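Labels run A, B, C and D following the written order; every chain starts at residue 1.
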Amino acid sequence: MGKVLMKGNEAIGEAAVRAGCLNYFAYPITPQSEVAEYLVRRLPEVDGVFLQGESEVAVSYMILGAAAAGARVFTTSSSPGISLMSEGISYMAGMQVPAVFVNIMRGGPGLGGILPSQADYLQATKGIGHGDCRMLVMAPASVQEAVEMTMMAFTLAEKYRNPVMILGDGLIGQMMEPVEFADDFSAQPSDKSDWAVNGMDTRKSDQRNLVRSLYLDPEALNQHNLLLKEKYERMQREDVRFEAYNTDTQYKVLIVSYGTMSRVCRTAIDQLKEQGLEVGLIRPQTVYPFPHEAILKAASKKSCKSVVSIEMSMGQMVEDVQRSVQGHMPVQWYGKCGGEVPTPEEVIAFVESMV
Amino acid sequence: MGKVLMKGNEAIGEAAVRAGCLNYFAYPITPQSEVAEYLVRRLPEVDGVFLQGESEVAVSYMILGAAAAGARVFTTSSSPGISLMSEGISYMAGMQVPAVFVNIMRGGPGLGGILPSQADYLQATKGIGHGDCRMLVMAPASVQEAVEMTMMAFTLAEKYRNPVMILGDGLIGQMMEPVEFADDFSAQPSDKSDWAVNGMDTRKSDQRNLVRSLYLDPEALNQHNLLLKEKYERMQREDVRFEAYNTDTQYKVLIVSYGTMSRVCRTAIDQLKEQGLEVGLIRPQTVYPFPHEAILKAASKKSCKSVVSIEMSMGQMVEDVQRSVQGHMPVQWYGKCGGEVPTPEEVIAFVESMV
Amino acid sequence: MGKVLMKGNEAIGEAAVRAGCLNYFAYPITPQSEVAEYLVRRLPEVDGVFLQGESEVAVSYMILGAAAAGARVFTTSSSPGISLMSEGISYMAGMQVPAVFVNIMRGGPGLGGILPSQADYLQATKGIGHGDCRMLVMAPASVQEAVEMTMMAFTLAEKYRNPVMILGDGLIGQMMEPVEFADDFSAQPSDKSDWAVNGMDTRKSDQRNLVRSLYLDPEALNQHNLLLKEKYERMQREDVRFEAYNTDTQYKVLIVSYGTMSRVCRTAIDQLKEQGLEVGLIRPQTVYPFPHEAILKAASKKSCKSVVSIEMSMGQMVEDVQRSVQGHMPVQWYGKCGGEVPTPEEVIAFVESMV
Amino acid sequence: MGKVLMKGNEAIGEAAVRAGCLNYFAYPITPQSEVAEYLVRRLPEVDGVFLQGESEVAVSYMILGAAAAGARVFTTSSSPGISLMSEGISYMAGMQVPAVFVNIMRGGPGLGGILPSQADYLQATKGIGHGDCRMLVMAPASVQEAVEMTMMAFTLAEKYRNPVMILGDGLIGQMMEPVEFADDFSAQPSDKSDWAVNGMDTRKSDQRNLVRSLYLDPEALNQHNLLLKEKYERMQREDVRFEAYNTDTQYKVLIVSYGTMSRVCRTAIDQLKEQGLEVGLIRPQTVYPFPHEAILKAASKKSCKSVVSIEMSMGQMVEDVQRSVQGHMPVQWYGKCGGEVPTPEEVIAFVESMV
């Protein structure tokens, strides 16, 4: 199949279908409602189900139920809607059930605005729910990458039996780009007969499975949390993803940036190169687990004098960059949060102010 | 007034009343239901109102409404209940309305257990809601401190026009200790006539006030977020609180620990001192803003060879400690998460393993 | 106290306060929202509580809770809102707790319109909830009567330990009339210590009271229903109220009509009298219990040749009139349902067509 | 296809499937949960959808949505659940959308008991919702009849574009009887393209359909209600159903009874006949529209001296019987309401006391 021109939100919907996810439960919110609009027509063609919940709280528990029963299932929402799902996500992490959450971030806090933002970084990577609860979080920088990450998300969710989030900004959802779907995608749902609840359907299994997050015995709950911790550490070992740009030069400044913001940074880097200033870029593709080692290594290059986290948020990822760099050099933040993406010129001006 | 013996949860309720908070909206959940049990009797004596909401989501918006109208108001809950309030808290941060949230943490994730925990640290300090949303978060280590922090919380919430959280573990809520209420507490509600909604009641004001978090113009939303950012930085400048213990010695190890966990650490430090090993302790009283400078300074002491974050969670505060220490020395984590508080012996064994 | 000019909705609110009802829970809906607007200012003056529920379902259970605890409590709503309370009302009838429901009817079914109507007659008098559930229902024809009935409603609700409804049409709620409040109203809340739940508060009672509607034993449930039936029959014996007009004449036609519709009928009767046609009127003031005997007696007058039920509904009360008249003569219906009140001319034309 | 032995609840589920209804939305409640248990397995076999709503209120609006879109859809519930659907049913009557509601009645009011009852008669036939809102209501007396009525219900709902209810008592739902499904059932969904909303799907229609119950113009709402009234009167003309038993004798007493209660009455009639006392029975199969004429005619038989309504409720259908008989002779009530069905002996004793 060749390339087709698709809006990001629609491409995400199609990607889920290609990944064999036939269950989509959601509640509409700008700027991601096109996913629902696309899937309400597309899912019936493949005998799938789209169901609009009464609220995002309801959606999160519909997701939990389907996931606990072993189905591939996902939802899409935007910032306030994700907050409403945070209890449910914590339950899913505790119950170890796989599911995919797409957050097409808008400006916040509260109602905020409907334009693009990256202001849910800390929520997604640190505090999505109560308890020692983590999601694997991927952040696409193009529609093509949104497609690939969405498809991969189902596989990773099942690998870890854990919620996985696609953290996109409004631009990813709204812009149109040519996109290609892999012909040979074969990551169909894994066998879940050893743990998924089956209603004691003896055609499926003789075994009575139970998923739960309740452990009244403190020793059992501690063991359970050690197991989760080990799982989170395994993500760090096996599934960190990032992209480096212009890092084979003697760059003086290292930018860390993700999502569509990173594309602006690339343009700025290209222009700065023409002006004689080399700047490197590390773009985290997974923001949890975070590419700490790659950033430390890139920041440790002799030529590199300082590091900057460029975000469409008010200083969020910069905390992780600081942890990566471990005090070897100053780490600065530059960003905006309101819906306007900083321009290449603004990025250039800030980087020049650093050197 | 002399000392009285009170359970932590009851003392928190009484403290709120003493601070002039006559509005308490809540939904019951172990291990903090005693606050409601206490206040349902106490509030009518002072013409106050206790209202049980239909759910924690409902409670968060009842809090928002009362706070927007200028009333002192608070709620208490425990981990899953706080997750359900996260959308509302983000709205309150965006709308800049003051209110107090008490989280008597239980084990998680999901349903978890009902025994003490500190597993909501990252949620409270980093990701309580979507958008660039922060709360000032205080963590008491005794019933007396819970009382003082609760009273102070209302003043700080109004100082910053921002939600403030008391982050207690289940032990704080359940244990009985002698407690004294300040006779001269005078921090009565501040004048809010310049911003609180007044229903155009001309007896209160001629002015039509409006609180909102919606800013459709991206430039306006960016300005709004810059104002919030400045507010969060002011918290860092003016309201960091911490306690140091045994830091006037030539300690080899620095413990960072908060809440009741820190009391166990003090016992361990006393016993280690008898054994000839000096260990220092920094106990954050505010966990957001975090005492980065104090920890960096304490860790930089020449005798100090390593730092450990001891938590009833699986490695959460350790991230902030790493950011504080800036790579000057290794930062380790020790903890448990299930309801059992690590014993002094366990702490001693871990510290000894470090040196 | 002299007469004051008040809108019906406001007068109803004031009447409840005068009757010692300090608890008002409601959800806004046209055409009765002025009750809430009035009470939100008035109740605080008497240390009362106004609480807006999350929905009418929520309101009905807030009413149930307050009533079960022995408080005087009431709500106001309009047609769709009352439907949402029907489960709760059935529970209250089953649990035998007193409370007052005001229904300022609008046009239906469904969303209908916001203009006056009497289209909830059958729902109010026959089918308000599942099970053998009845309310005492009073229908005022003037603002003054709305005041008196509202005050009386609390006393009757307590007399029968049963929900009582004020069934008003939108005109009653919206029109302004001079109204006088009785100075000597003394029907303060009755002693409920023998049945109201008291949370085992030993200052109130040593007795553990329980209100419930669950009777799993069929014999017990039958006995319970016999007791309720006896109560409904006692209403029929002791609390039927009606007004007769022009019934001392040799009327040829008997009109049965209630609420503001009956006022139009009186005007029509006066005009018909001038034209030489005598028409009598029975106006039920209670529609449950219904004045069957009065109507039968009035219809049995020798001069009377036919009976008509004139309603702002499509033939609802006519069923009760038919039961009253017992086939002694034809019973017709005349009415409209959409918001326009039939005019005296329309009534005159219909009555003339009957003779 | 021959006869199979089925529980009433299961047979109702199967009947809906046979009638081409592939959408079943419900919320569990005793004594009808077996319908859901049956359909959760059965519907997937025919590509149908079972969806459990968050509450009965939610279910009623899911039904409304599917019905408005032209799908055959039904729900089953029991007394309290039906009360919660009353707002939605009124909306459906106002919007003129067809759907089927099955009420397997339990004892009430309130929570009541879980044993059989007929106590929702008045609610179903008079007051199911606000506004001039009526449902066609059928009451089966056997599992076979429950099957036939369920299948017919979809056709009648579409004939009238109105909600139709199957009013069963708990016995109908719980008992097992041999049942046969018609092989040639051909009443598949009717063409709804002229009114059902189609999302402007041009494959279905070029027409933009709109269903609504809002008519702000009073004249329009009155016209709408006249149209509904005409529809209800057409039900009375065309779809009254009843069964007569032993009415070709010179009976002295006429029993009116429906549902499983009528079967007990038949047994009593047979035994009374042996004792020399003839008693007739009219069993309404539709309770709205009610067989007024049939009852009047049967009661008018010269031999007949009195009429009795025998119900598992506290005097509900007796009101309709009184209206039918029009005072020609006394109408009595006999019944019980708690879960125990009156025995033939009790019926015999009561009838004997009448003569």
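Here is the rule we use: a residue touches a chain if its C-beta (ideal position, glycine included) is under 8 Å from a C-beta of that chain, and two chains touch if they have at least 3 such contacts.
These figures come from a predicted structure and were not determined experimentally.
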Contact-graph distance - origin chain A, target chain C: 2
Inter-chain centre distance, chain A versus chain B - centres from mean C-alpha coordinates, in Å: 29
Where chain A and chain D are represented by their mean Cα positions, the distance between them in whole Å: 52
Approximate Å spacing (C-alpha centroids) for the pair chain B, chain D: 58
Two or more partner chains touched - positions in chain B: none
Pairwise touch network: line, ring, star, complete, or other: ring
Complex contact set, residues of chain B against chain A: 57, 79-80, 82-84, 86-87, 90-95, 105, 107-115, 117, 119-120, 122-133, 212-226, 228-229, 313-316, 319, 322-323, 325-328, 336-340
Of chain B, residues touching chain C in the complex: 47, 49, 51, 54, 58
